[in-house]
Amino acid sequence: MTSISVSENRSQRPIRLGMVGGGSGAFIGAVHRMASRLDGRFQLVAGALSSSPEKSKLSGSEIGLDPGRSYATFKEMAAREARRKDGIEAVAIVTPNHLHYLAAKEFLKRGVHVICDKPLTSNLSDARKLKLVAEKSGALFILSHNYTGYPLIRQAREMISAGELGRLRIVQVEYAQDWLTDAIEQGDAKGAQWRTDPARSGAGGSTGDIGTHAFNLARFVTGLQLESLSADIDCFVPGRRLDDNAHVLMRFDGGIKGMLWCSQVAPGNENNLRIRVYGDRAGLEWSQEDPNRLWFTPFGETKRLITRGGAGANVAAQRVSRVPAGHPEGYIEAFATIYAEAAIAIDAKRNGMNVDGSSVLPSIDDGLEGVAFIEACVSSSRLNGRWTKLRI
Amino acid sequence: MTSISVSENRSQRPIRLGMVGGGSGAFIGAVHRMASRLDGRFQLVAGALSSSPEKSKLSGSEIGLDPGRSYATFKEMAAREARRKDGIEAVAIVTPNHLHYLAAKEFLKRGVHVICDKPLTSNLSDARKLKLVAEKSGALFILSHNYTGYPLIRQAREMISAGELGRLRIVQVEYAQDWLTDAIEQGDAKGAQWRTDPARSGAGGSTGDIGTHAFNLARFVTGLQLESLSADIDCFVPGRRLDDNAHVLMRFDGGIKGMLWCSQVAPGNENNLRIRVYGDRAGLEWSQEDPNRLWFTPFGETKRLITRGGAGANVAAQRVSRVPAGHPEGYIEAFATIYAEAAIAIDAKRNGMNVDGSSVLPSIDDGLEGVAFIEACVSSSRLNGRWTKLRI
Amino acid sequence: MTSISVSENRSQRPIRLGMVGGGSGAFIGAVHRMASRLDGRFQLVAGALSSSPEKSKLSGSEIGLDPGRSYATFKEMAAREARRKDGIEAVAIVTPNHLHYLAAKEFLKRGVHVICDKPLTSNLSDARKLKLVAEKSGALFILSHNYTGYPLIRQAREMISAGELGRLRIVQVEYAQDWLTDAIEQGDAKGAQWRTDPARSGAGGSTGDIGTHAFNLARFVTGLQLESLSADIDCFVPGRRLDDNAHVLMRFDGGIKGMLWCSQVAPGNENNLRIRVYGDRAGLEWSQEDPNRLWFTPFGETKRLITRGGAGANVAAQRVSRVPAGHPEGYIEAFATIYAEAAIAIDAKRNGMNVDGSSVLPSIDDGLEGVAFIEACVSSSRLNGRWTKLRI
Amino acid sequence: MTSISVSENRSQRPIRLGMVGGGSGAFIGAVHRMASRLDGRFQLVAGALSSSPEKSKLSGSEIGLDPGRSYATFKEMAAREARRKDGIEAVAIVTPNHLHYLAAKEFLKRGVHVICDKPLTSNLSDARKLKLVAEKSGALFILSHNYTGYPLIRQAREMISAGELGRLRIVQVEYAQDWLTDAIEQGDAKGAQWRTDPARSGAGGSTGDIGTHAFNLARFVTGLQLESLSADIDCFVPGRRLDDNAHVLMRFDGGIKGMLWCSQVAPGNENNLRIRVYGDRAGLEWSQEDPNRLWFTPFGETKRLITRGGAGANVAAQRVSRVPAGHPEGYIEAFATIYAEAAIAIDAKRNGMNVDGSSVLPSIDDGLEGVAFIEACVSSSRLNGRWTKLRI
């Protein structure tokens, strides 16, 4: 898989895609649709875009779905698409967290590949059950940890894996936002409502919504296994029911140490996901808001700024780049890379080929680990910062 | 038109698109295709992707065109698509400059809308003829001055138009690259070969390839008319036949002054298009390599950093934004905005509605002005910097 | 005191200054001397520049000290200067930590004002004793927490104090360096040798050398009291005897939370002290390596960049600025501000005026707290991160 | 001279310094005083600080000058100091431009070394006369082109001289400010009054005040000789009598081309002096507002950020650095380097040693060239941009 560039579909028949969730006004549904279209590898043909049957239909019509394939519920979609010759081959699940398990199950058991938003589920029990379902199904399960799709994140992972930083020592990762600085969930902000609702979001607020991204990114880039964590989480906004800030210390295998900060109440931070990794020979630094630049700082040498597509970009980065250096790529392109790689994997399946086990695609195991991360943060914090292992 | 958001096609039937040029290995063809796909407003159904009939066919097959609609030449495509009920409604012309006129003419005279790369043509005579053809045709002609599609460029234009900078005084614009630092056209770099060949590129090298973008951006953002220019252009690389660096002084109507620098031999500059505008009340600064941030500096006040999608983003910027603040948008998105607005305009035509004359879409007049800019630079420089007006 | 600008001594007789430590090759001694000279408020007239009597003499000669006032030991200097009519009025103590207490005592008990490097002492017992000595003496004791001298740090403190951030929630502070990435203390790097030697440095390595600066800066800027901390400290370099990296969670009074990271093994970080503070109305961000700029980010408004000396600079910042906006001030200037304010305070003493208790000058209490911070970090880390209060 | 570090005076007796101009409220006088003090190489002992005898005395008293050496006029100071055994050895001239010649002459003819503000004089005739006087005098004449004192400017000069950029092609230099955006000279801003007054400032406004700095910096860094220039200068503020914006094209010997922009009406620019140089092998970029970082961009390689004092700093930079990497140095330090090098040269003179002719110190020839630059800009602009040689 690693030898195929994502940049344009030049060989495969587009994959028929359905979508669960993502109706009118949902930010992330539109992102998934753009990501699926960019490289021409998918064709959205069916949807159950809302938990309200009426809104589902309306939303389907708004985005031009064939009315006959715009379903009232995901159950109906799964059942009826399975009966069509030209039924969907893959489905994107972009609902609130608590529905991921139920929805994914319906499709997986019918052999439909699933691209699912993170966190995997709203609790560990669902996560484990979903893993069993996915394993039983022959279908692929891909978690949309979209930040792993950035070219320079691929570069960083490859550099670390190749030992360019030497033996790792320190990992600093943070993901700060400010959109929940006020109690907007008490107004009509739907995205804020479900994300701060334990019933729909799960045990974690900021830890689940963005902490899992930060944790996953640290894991993806470094390849390190977490040994345990110590967390101090807070809910700063009066009346809020889930954490909106978390301070987490991390111990990785081999004595490597890390810090993770996630916050949704840090004014001035829009989507400030940032990672720094230090080894005994060099450091790396990358920020999602400036994703086309990666600092590489070999100890005792001049600092180097690697640019996406520039002279220092390695094969891992180039494979997922679409335009030359100096033409910024962004969030949608990185998201589209997850879709493109999903498509390449699905196409390999179609052709009876094995999908490479060392795939960079975020998997159900990453999802399970993310849910365990949330629960470990909550648990450690309740126990006044006790060092806690992930229970997977 | 200004009231329709580009962010997702929620109402119109996708436009059937053809492409001239853009075969294997051509960077800009792939960009046009991604841009056309992103918002789901176009469907690429036909192409004459190369000047070589064999390569045309092969390239069409590679990107999955129906073999029956992958044509040997643009003439054949224009003729045969015109006879189909489901023939193309629009065509993207992404060939070297000298073919723009001939190709565009074939489609315009059959009422097919044209989206054409800049500069408009390789000489002023062709540009004038093409303007007559376009005017006679009922079809739209859109020039891909893609940098005008960036949300914060729209923001800047709107702010200046609303007087937020006060009376303008100074415009500094530059577009620096380094890819032609060496004589790579003497190797097998096709993009470099035609861009440095007067027969295919026209009178301008860097002035045509990127100077026209810089000039257009200054015009787009400020709304100012150029009164005259004084240029000192150079060809630094031995053996090169067209300019690779240009220093241009500009006088705009109303006594406003400007400087334009374009270069393709400035090591360390990837695609460094940057504009700064100063009035008697405030300044603005924007750089294409960091397109999600716009500096606004009211005189005597604290500097402000406006972010795409952030609190300071105005309606003009929001209309062409696709994702929330902090999720970077880039080059493809800006390019896609030109496509989306073209689609909205074409759809309005379909429905018999007038396309707004105050449209932000780059037009054939912009193209004519760009060619006149190139020729004025060359002419002024030959006359040792004589102040020269654009001949349009 | 707050009404006197530091920028130039326009009224007082220069203060006669002695120096303990700071001989040939010592970085910080030269800094103290430059800082003392910049504003013309001090005159260096005596020194005991090394713990080796021979080197003391030699170093004194090199910097042009009167040989009769270049002493073999600080004891000798204290005794003999006390007998001169024109003896020193103040002394700068710039030795390794373990000598601070002994040296300071000699001068304080003779009424000589002390400007002393941080951390205050190499252990808490010395720190407490020194506090008693200082209180008994009528002389001033000033700790060189030089980063508090930056104009925009004064600005930040004032803004927070005035409520411009609203109710505080989060404090992120870090101080990263890379100069101890390798075991240079095993070579002939003297600065590294004593800083990694428990006998001379104390219980903390990076926590003492730079962690105390970071902690003090957080305290200075926010005015918050630390309730407790949880630390995970490391010694990554084989053979090193003191920590070279520390991860610290902090709980301040009022439920405010913070993170502190200090490291001397993070390649690419030269002197990267950085603080971010978030309240329910706004955020602030400042970095020592870019000290003339302060980000102020009111929630829901456009980001603002306050520049030193610029339109948004407040009185607290202006009072300690020396040149207009756009002319960068740096490390030496900030250090000189500590000296200038010390001079102003000493001059007030001379004139029998009370020195303002709300002074911004870092005091012996700050020093005591710093030593307690080091010991709390070490202790918490030994107890696997137990939340630990400062013992002062 | 190049082998002596500026960082601290470790060997010479401080030079007795006088000052002409720089009384109460004058920004630049205080800067000269701080610069002269920083390294302990000068002692200010006399002054004629204002053109008003009363204000001279008062200002002298304010900064602690011995009343007997605080003179009413510079003529008196020159005459009376010459009669003292301990008379001044050097004088700093920090008056408005039109007084430079008269003041400098008085001291030079008495063998007193002169450190003089730029531009050298208010007209070319005075400049030439001053050159003759200086040559006849055995004294040194040093122009305070302070920006040449930045360590990374020294680094850049050395790198270019050593061929690290290859054959030069392009020089882009600019110096933008905003403090004259409004007609503040019509109020009581003294600095603005004389700078916009042809009688005191000379033929150039922004060209003289800051354009000369930009031009000198380009010359200093590249070593290139100007062949001719073409200018378009403006006076945007109604009622102003001298240029406040200039756009200049430059042709250097050997076919190298450049652009210079200087402006004092560009809102948001504080003291934005910036230079970029491109050769056929690499580029360099430096900005005065961020002076501790220098971009070095070898063509076809990863970009490198050289930091002051960091791993990539060369000998030329290290010699004029005072503190380790990561501790920012600024404007005062760079200014102090001019003073330190002046002191080293004066001390060599004292000892009968020849002062190296290849000295980096800005000389009277640089001053003459600066005045010629101003007059060429004005003349070229009057002749509608005619390419004009410097008349020296």
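Letters are used for the chains, namely A, B, C and D, taken in the order the chains are written, and counting of residues starts over at 1 for each.
Simple rule for what comes next: a contact is a pair of C-beta atoms (placed from the backbone, for glycine too) under 8 Å apart; a residue touches a chain by one contact, two chains touch by 3 or more.
Since the model is a prediction, treat every value here as computed from it, not as a measurement.
Chains that count as touching both chain B and chain D, per the definition above, are A, C. Of all chains, the one whose Cα centroid sits at the greatest distance from that of chain B is C. Between A-D and A-C, more contacting C-beta pairs join the chains of A-C. Rounded to a whole number, the gap between the C-alpha centres of chain A and chain D is 55 angstrom. Chain C and chain D have Cα centroids lying 34 Å from one another.
Our note on geometry: chain A versus chain C, Cα centroid distance of 43 Å, whole angstroms.
Taken residue by residue, chain C touches two or more other chains at 269, 303, 307, 310, whereas all remaining positions touch fewer.
By the touch criterion stated above, chain B contacts chain C in their complex at residues 296, 300-307, 310-312. Touching chain A in their complex are the following residues of chain C: 169-170, 172, 178, 181-182, 230, 232, 234, 236, 245, 247, 249, 251, 255, 257-259, 261, 263, 265-269, 276, 278-283, 285, 295, 297-299, 303, 384-385, 387. Considering their complex, residues 7-11, 13, 27, 30-31, 33-34, 37-40, 62-64, 177, 269-272, 288-292, 307, 309-310, 322-333 of chain B touch chain A.
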